[in-house]
Amino acid sequence: MGVEARKPPTQIALKLRRALGGKAGWNGVAVQLVFGAILAWIAYEIISNARTNLETQHIAAGFGFLQNSASFDVNQTLISYSGSDTYFRVFVVGVLNTLLVSVIGIFFATLIGFVVALCRLSPNWLVSRVGGLYVEAIRNLPLLFQILFWYLAVLAALPNPRQSVSILGSFFLNNRGVIVPSPLAQPGLVPFLAMLALGLVASLVLRSYARRALFAQGRVIRIWPYVLTLLVGLPLVTMLVFGLPFSFEFPQLKGFNFAGGARIIPELVALTVGLSTYTAAFIAEIVRAGIQSVHKGQMEAGSSLGLSRGTALRLIVVPQAMRVIVPPLTNQYLNLTKNSSLAVAIGYPDLVSVWAGTSLSQTGQAIEIIATTMGVYLLISLFTSAVMSIYGWRLNRSLGA
Amino acid sequence: MTDITASSFVREDLVAERPAPVKTAGFLGFVRTRLLNSPTNILLTILGLLLIWYTVIPTIKFLLVDAVWSGKDRTACLAENAGHPVGACWPFIQAKFPQLFYGFYPEAERWRVNLTFALGAVLLLPLLIPRLPAKGSNAGLFFFAFPAVAFFLLHGGGITGFGVSWVAGLLQLFADSISGVGEVLVGLSKASAAGPLLWAIGGAIALVGTLLHWVIFPLIWLRDQMQAAGQGLWLDFLITAVIVSVILFMLGGGARAGSRPLIASLATFAGIAAVIKLMGLDHGGMPIVDTRLWGGLLVTLVIAITGIVASLPIGIALALGRRSTIPLIRIFSITYIEFWRGVPLITVLFFATYMLPLFLPGNFTVDGLVRALIGVSLFTGAYQAENLRGGLAAVPRGQEEAASALGLSWWKTTSLIVLPQALRHVIPAIVNSFISLFKDTSLVSIVALFDLLGSLRASFADPVWTTPSTAFTGFAFIGIIYFIFCFGMSRYSLFVEHRLNAHRRN
Amino acid sequence: MSADPIVNISGLNKWYGEFHVLRDIDLEVTKGERIVICGPSGSGKSTLIRCINALEEFQEGEIVVDGIELGPNLKHVDAVRREVGMVFQSFNLFPHLTVLDNCTLAPIWVRNIPKKDAEETAMKFLERVKIPHQANKFPGQMSGGQQQRVAIARALTMNPKVMLFDEPTSALDPEMVKEVLDTMVDLAEEGMTMLVVTHEMGFAKEVANRVVFMDAGQIIEANTPSEFFATPQHARTKLFLSQILR
Amino acid sequence: MSADPIVNISGLNKWYGEFHVLRDIDLEVTKGERIVICGPSGSGKSTLIRCINALEEFQEGEIVVDGIELGPNLKHVDAVRREVGMVFQSFNLFPHLTVLDNCTLAPIWVRNIPKKDAEETAMKFLERVKIPHQANKFPGQMSGGQQQRVAIARALTMNPKVMLFDEPTSALDPEMVKEVLDTMVDLAEEGMTMLVVTHEMGFAKEVANRVVFMDAGQIIEANTPSEFFATPQHARTKLFLSQILR
Amino acid sequence: ADAQTLKTIKDRGTLSCGVSQGLPGFSSPDDKGNWTGLDVDVCRAIAAVVLNDPTKIKFVPLSAKDRFTALQSGEIDVLSRNTTWTVSRDTSLGANFTGVTYYDGQGFMVKKSLKVNSALELNSASVCVQTGTTTELNLADYFKANNMKYEVIAFGTIDEAVKAYESGRCDVFTDDSSGLYASRLKLTNPADHIVLPEIISKEPLGPMVRHGDDQWFDVVKWTLFAMVTAEELGITQKNVDEMAKSDKPELKRVLGTDGNLGEQLGLTKDWVIRIVKAVGNYGESFDRNVGDGSPLKISRGINSLWTKGGLQYAPPIR
């Protein structure tokens, strides 16, 4: 005997039912209909209420206001902006400021986080205790509390402009921020940048060449002298030929404040310090867990093969730890970005402050403005999630697990 | 190969244990091995000491050594009056203490706040100690009875109706809104192209609404009769108690099941009656204290505790929804979770505080604090859902199969088998999100609710106490409060985690 | 065939996606019959057992349990499950409940039996599997053999007409296998209808009325144990028996 | 003593904190010798092996490997490790690299052998442990026995003069023990100097030149396998053997 | 948020009134949470006419940037929070100003130690301001018009702005000049700061209601006018009962002993009496909160009655 394997029957009705109602079949469909009806009803109520409410007040819904001129100023803008620009430009300024503080915050949070994690893993008892203390203290205090504290501390610690702490007469530190000479482009800038880029590319090429040499011929090439020459030497030479790439506009005390130069405002400093130290405490724990998740035997196996400590770390421990570290790390990055909205408490002009704050109260377009604000954060978060799932998928594939 | 003749070797005299030549134990050994065993480590130790020297010492100096301990106003905390550089200005805290703890809660009524939190602590502590028995009824008291009692204690006021009135009111609202939708559709049909269709649907819906009105009419009539009779509350209470008990009795299998469920139900109602009588809820209860007057730690705790209690059911529903095979429910759950996790809490709070009424019917108002509570709960619910999802995934599939093989329905399987196990797995995660919730309550100060941090900020505006160290004193004080709560909770979560792991091992 | 069929499987076909896992299964089980199902790994034994208990759905054919029909679209699932008890390879006891609660859960919540009565019945069955004194322990505190016996008792508390066993002993240490098999033998002697997936050929010889051999999703051979072990008909059966009996 | 000592341990003493784990160990291993170290759990076998590979530091004594001295403060660590291969109980393969990459990593990065050559050599050794066709799998996709054989191949790619094995088979299922032991026997027959911590007495009898028995951190007895098993001298040895051989 | 505000308030039993988060003289809470100030008096007057109880008010403290959203959404019934009347607010924000309680203008405050005497010397200064105000817009206009550079640091609440100014983050603090005086009281050493003489804008401050409810608009508007009228007619908290017995036709009309003006508004006949009893006439309220009877000691100036050369002018109640 022996029954040949056949194709399953099509059972279209069943499949359709599954697709529409899940395991529960028609019951599921019914549940969905009721649920959908409730949702639709709620949505309807919300929209109709909002519409009547807005109508009775003669508020024009829509985004027409984006073209109006904002006529207020913002004290830190990454793109040129003045009071006569439109609300749309305010929005862009806000988004950019949010991104700026996020990027800086993420950079320092990662840096501090890794350092603290290393401290906690250090065989030195005192250092690991200090790391532990840091993590416990920071994690158990609200972020808003910390940002306000830093703002206060920063402002209290710094002198007024006339008593600025000055370094070499060109860098100044006072309660208006850190003032540094600002670069002005000179004719030599283009070749300088070109050479810098060239040096960078050449170094990368060199690195891959060195790796190939190692793999192909077993030749170890020390590349750092070349890299140094490329990155420092080349631009230096262009400077000799074409003159300085830029000159500096030095800040000078004029009236109340410094004129000229570039300035980092204390709000930004306090916010980034607050955000990065706070997030760093969480990152430190993630990194520690990640490194500890790599079995001790891995390092030992590496050493017993004769790999140096550095090489073993680089080739064996870190890649394995990264798998554990990266997903929660991205989550922390996202949290930091969302938390940057606390800027509103200390007057840093981020999205929530200039857009969902000032612009909202000047235009009264609450629905539109809050929706776009949430939308921006949502987009950032969805984008990050998407990137993360691709990363996770690739990792799983490469592990063949 | 060479021929190797192995030398035979026997050790007759065993080597005795002797101490290590270099001391590696004891205090000195500890210092040597853990602090000074290599040049790098020596350097690190020095760095660590420097770090401590420059952070811990100044802190202690500020908080204790240089602090001013008594005074009436700012003059006491000025360096020229104190005669030394001034650290913490503790009299400021003394003066603002009531505000930081109760906000503007009337002084004469503050015992109510204290009582509420004492009550909460008495109920919560046994819940947290794993060894104590009767977790079920304890949790019931804490999660259901306590919030109700706390509400009437803190807010005051009484009730005029009970079960019957509430159900009647709710059903009436429901029926009204169905009729409303029908009428709107009928109204729309005049202007729309698909007029007749809309008209038909609208008519049908309106009819359903009318029918519903007829069905619930007896209940409403009963309510109105009771209200008219005066002392409606007790009558209503009695009727509710009888109805609920009878239903429970029937569901429990009638006389066959014995009188236990009946007794339990009656006991519960007796308890409720005692509480109503004790708090005088039938006579309007205690004087109402508007939530605008609440502040400080009170608001912080109210938001945090409500948030956690309310977010759990939301989280459970969403986590189950996310696992559901019914497409719409799953899609809704995923969208909901991703949405709330993607936006910052303060935009949510802003929305809830200032914009919500825009989306509600005109004469429908919700208290400001309640709105923040709703925002916080919905927000935290999404995070709880993700925690719970992990817990649900940790329950083996076989558990569900075994339960269905015994004939348990999906609901019973979920509530009796899957959820209890899943919840056990995620206690540490839940405690951790409670910690972040507790910290996040500080954000309500941005939407003009005066929680602990908000009260502190408000107190800075008082010119009577403006000194250079006022702000730092305030921050130090509430920092310590936040730290005590959060640190305590994080230790507890560690403790539970260890216990869980110990459980899993055997 | 015989007079009193309590489980009747006819023309059963099941697919996992494109994979044809059960092919034209026909099987009739009379009341009181003890059937042992064996066969190589992946041959579909577990799947068959799970279909009878409606834990899996199937695409073609029909299963009738005690007169209740279980069609491809799984009507009457609850009714069937009430008649059929199941014991799993990995016990699947509820770890958060005591042994006694494990055994009273279904009677109380499915059959609405008062708690006291349910506990009495449960104790009776726990005595039958010889662990009444462990009633208040948690499953995690017991050995595998004890756990499996609790699982049997738990299934019995629902008074099933048929008991299904899916490799009840294969997750157990050798010393514990016997205690579980003994329990099953007792059960068989009391006349319970049983379908047992197992590789314990000793058990099959001792208690089975019929041994069913499956391979590649189909029933290859079915016979009384004496015939089956003495004179296997099919080549595959022979091969299988030669591997399993050393 | 004999002509060609490749590992020479003298006066080795080691403490973990206050705990004296290795006491006055003297051991000389000549080229090509196969030594099996056995003893009760906690007697310091692993610690001794790990000292030879400089994975642990020690407080007193001296270890000389192929003329390179390894003092208490671990000079020449890298030189020694290059001469000594080690196989761990828990394999310790790198899970994020394929089998081939596991085997070429050290040759490329430590010995700077061109990748192609390294791969050729690696394949040669993989053939020797009889798993060349698995070269592109990840360790997670292989059975324990296969993984341990990869670990042996990985150690061999560095052309060590001495191989250390720390209970290479004790984490394996019984069927897999044999395939690993076979590989080790092959290796022994090719004349590799080996120090093996193991409880596989069959292996000791078959390939060892010498069996070293340790207890409480010291070498109690050392002898040829035949003598060792036939006429153990020390009371502790007798006790140990009576427990281990049934 | 529909055309039934008056009814809603009566049903609810409390008036929801948006006020500032703490501006002495206009609206600020004391240690016990009792609110006082000119803006608060307006709320109390409204509560008195509508609910016959000047205490049945829920005060909702609002920052400048949140206030309009709160009004639009219906979170508050009336916004009485030193808000400047502008055309865009009257139109696109969906709100109506009901009158002017205080004629103000924007000014600057600086530390005396800076030795600045005129706003025109403020080139390159850092300015602290509360966000979401006309102040923020005027500031931009003024500096641009005078070709001066400046840095603006905008804070969510006035207290934050003042704190930042005090801690040296800014050289200048700008606000309506009444606000400047009020905020100066909160500084550690008020005497160290001066308000510059320039007034750079017109800031008519007054309560707002939502569009779309004319009845409610009338109630709030005429409550204000009643306060002014009361001062004009010499009706004070003390003499209001006597005045009610007066025979003067105008007094009879206003105090409701004759005609039904109050009922036409949807209120009671004695509405003006209620107002005056609750908060006094405009002059009394002014005096008590910001004038000589208060720590602010702001002179009436243009806020005097029109009869005394000021701008406060109420249309006739008849």
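Which chain is which? They are A, B, C, D and E, in the order written, and residues in each are numbered from 1.
In this text, a contact is a pair of C-beta atoms (placed from the backbone, for glycine too) under 8 Å apart; a residue touches a chain by one contact, two chains touch by 3 or more.
In UniProt terms the chains read A = ABC transporter permease subunit; B = Amino acid ABC transporter permease; C, D = Amino acid ABC transporter ATP-binding protein.
These figures come from a predicted structure and were not determined experimentally.
*Asks:* How short can a chain-to-chain path be from chain B to chain E, counted in steps between touching chains?
*Replies:* 1
*Asks:* With chain B gone and nothing shifted, sort the other chains into their touching clusters.
*Replies:* Connectivity check, chain B excluded: one piece.
*Asks:* In terms of CA centroid distance, which chain is the most far removed from chain A?
*Replies:* Farthest from chain A by mean C-alpha position: C.
*Asks:* For chain E, which other chain has the most distant CA centre?
*Replies:* Between chain E and every other chain, the largest centroid distance is to D.
*Asks:* Which chain is most central here if centres come from C-alpha coordinates alone?
*Replies:* The most central chain, going by mean C-alpha position, is B.
*Asks:* Chain C and chain D are the same sequence; what rotation (0 to 180°, nearest 5) superposes their CA atoms?
*Replies:* 160
*Asks:* Would you mind telling me which chain pair, B-D or A-E, is linked by more contacting C-beta pairs?
*Replies:* Answer to which pair has more contacts is A-E.
*Asks:* Taking each chain's centre as the mean of its CA atoms, how far is chain A from chain E in angstrom?
*Replies:* Measuring from centre to centre gives 43 Å for this pair.
*Asks:* When the centre of a chain is set as the mean of its C-alpha atoms, what distance in Å lies between chain A and chain C?
*Replies:* The computed centroid separation for chain A versus chain C comes out at 57 Å.
*Asks:* Can you give the whole-Å distance between the Cα centres of chain A and chain B?
*Replies:* The mean C-alpha positions of chain A and chain B differ by 30 Å.
*Asks:* Which integer distance in Å separates the CA centroid of chain C from that of chain E?
*Replies:* 83
*Asks:* Using the touch definition from the top, which residues of chain B touch two or more other chains?
*Replies:* 350, 354-355, 358, 360, 362, 446, 457
*Asks:* Give the residues of chain A touching no fewer than two other chains, as numbers and ranges.
*Replies:* Residues 52-54, 152, 156, 344-345, 366.
*Asks:* Give the residues of chain D touching no fewer than two other chains, as numbers and ranges.
*Replies:* none
*Asks:* What chain pairs are in touch here?
*Replies:* A-B, A-C, A-D, A-E, B-C, B-D, B-E
*Asks:* Where on chain E does chain B make contact in their complex?
*Replies:* Interface residues on the chain E side: 1-2, 4, 8, 11-12, 16, 21-22, 29, 31-33, 58-63, 66, 69-70, 72-75, 156, 159, 162-163, 166, 185-188.
*Asks:* With touch defined as at the start, can you tell me which chain E residues reach chain A in the complex?
*Replies:* 1-3, 64-69, 72-74, 88-89, 91-95, 114, 121-126, 131-133, 136-137, 139-141, 144, 149-156, 160-161, 164, 167-169, 171, 210-213
*Asks:* Along chain A, where are the residues that touch chain B in the complex?
*Replies:* Per the stated touch rule, the residues are 19-24, 28, 31-32, 35-36, 39, 41, 44-46, 48-50, 52-54, 122-127, 129-130, 136-137, 139-145, 148-149, 152-153, 156, 338-339, 341-342, 344-345, 352, 356, 366-367, 370, 373-374, 377-378, 380-382, 385.
*Asks:* So in the complex, which bits of chain A are touching chain E?
*Replies:* 52-60, 65, 71-75, 83, 152, 155-156, 158, 160, 175-176, 254-257, 259, 265-267, 344-347, 349, 353-354, 357-358, 360-364, 366
*Asks:* Quick one: in the complex, what on chain B touches chain D?
*Replies:* 1-2, 4-12, 14-15, 17-22, 24-25, 29
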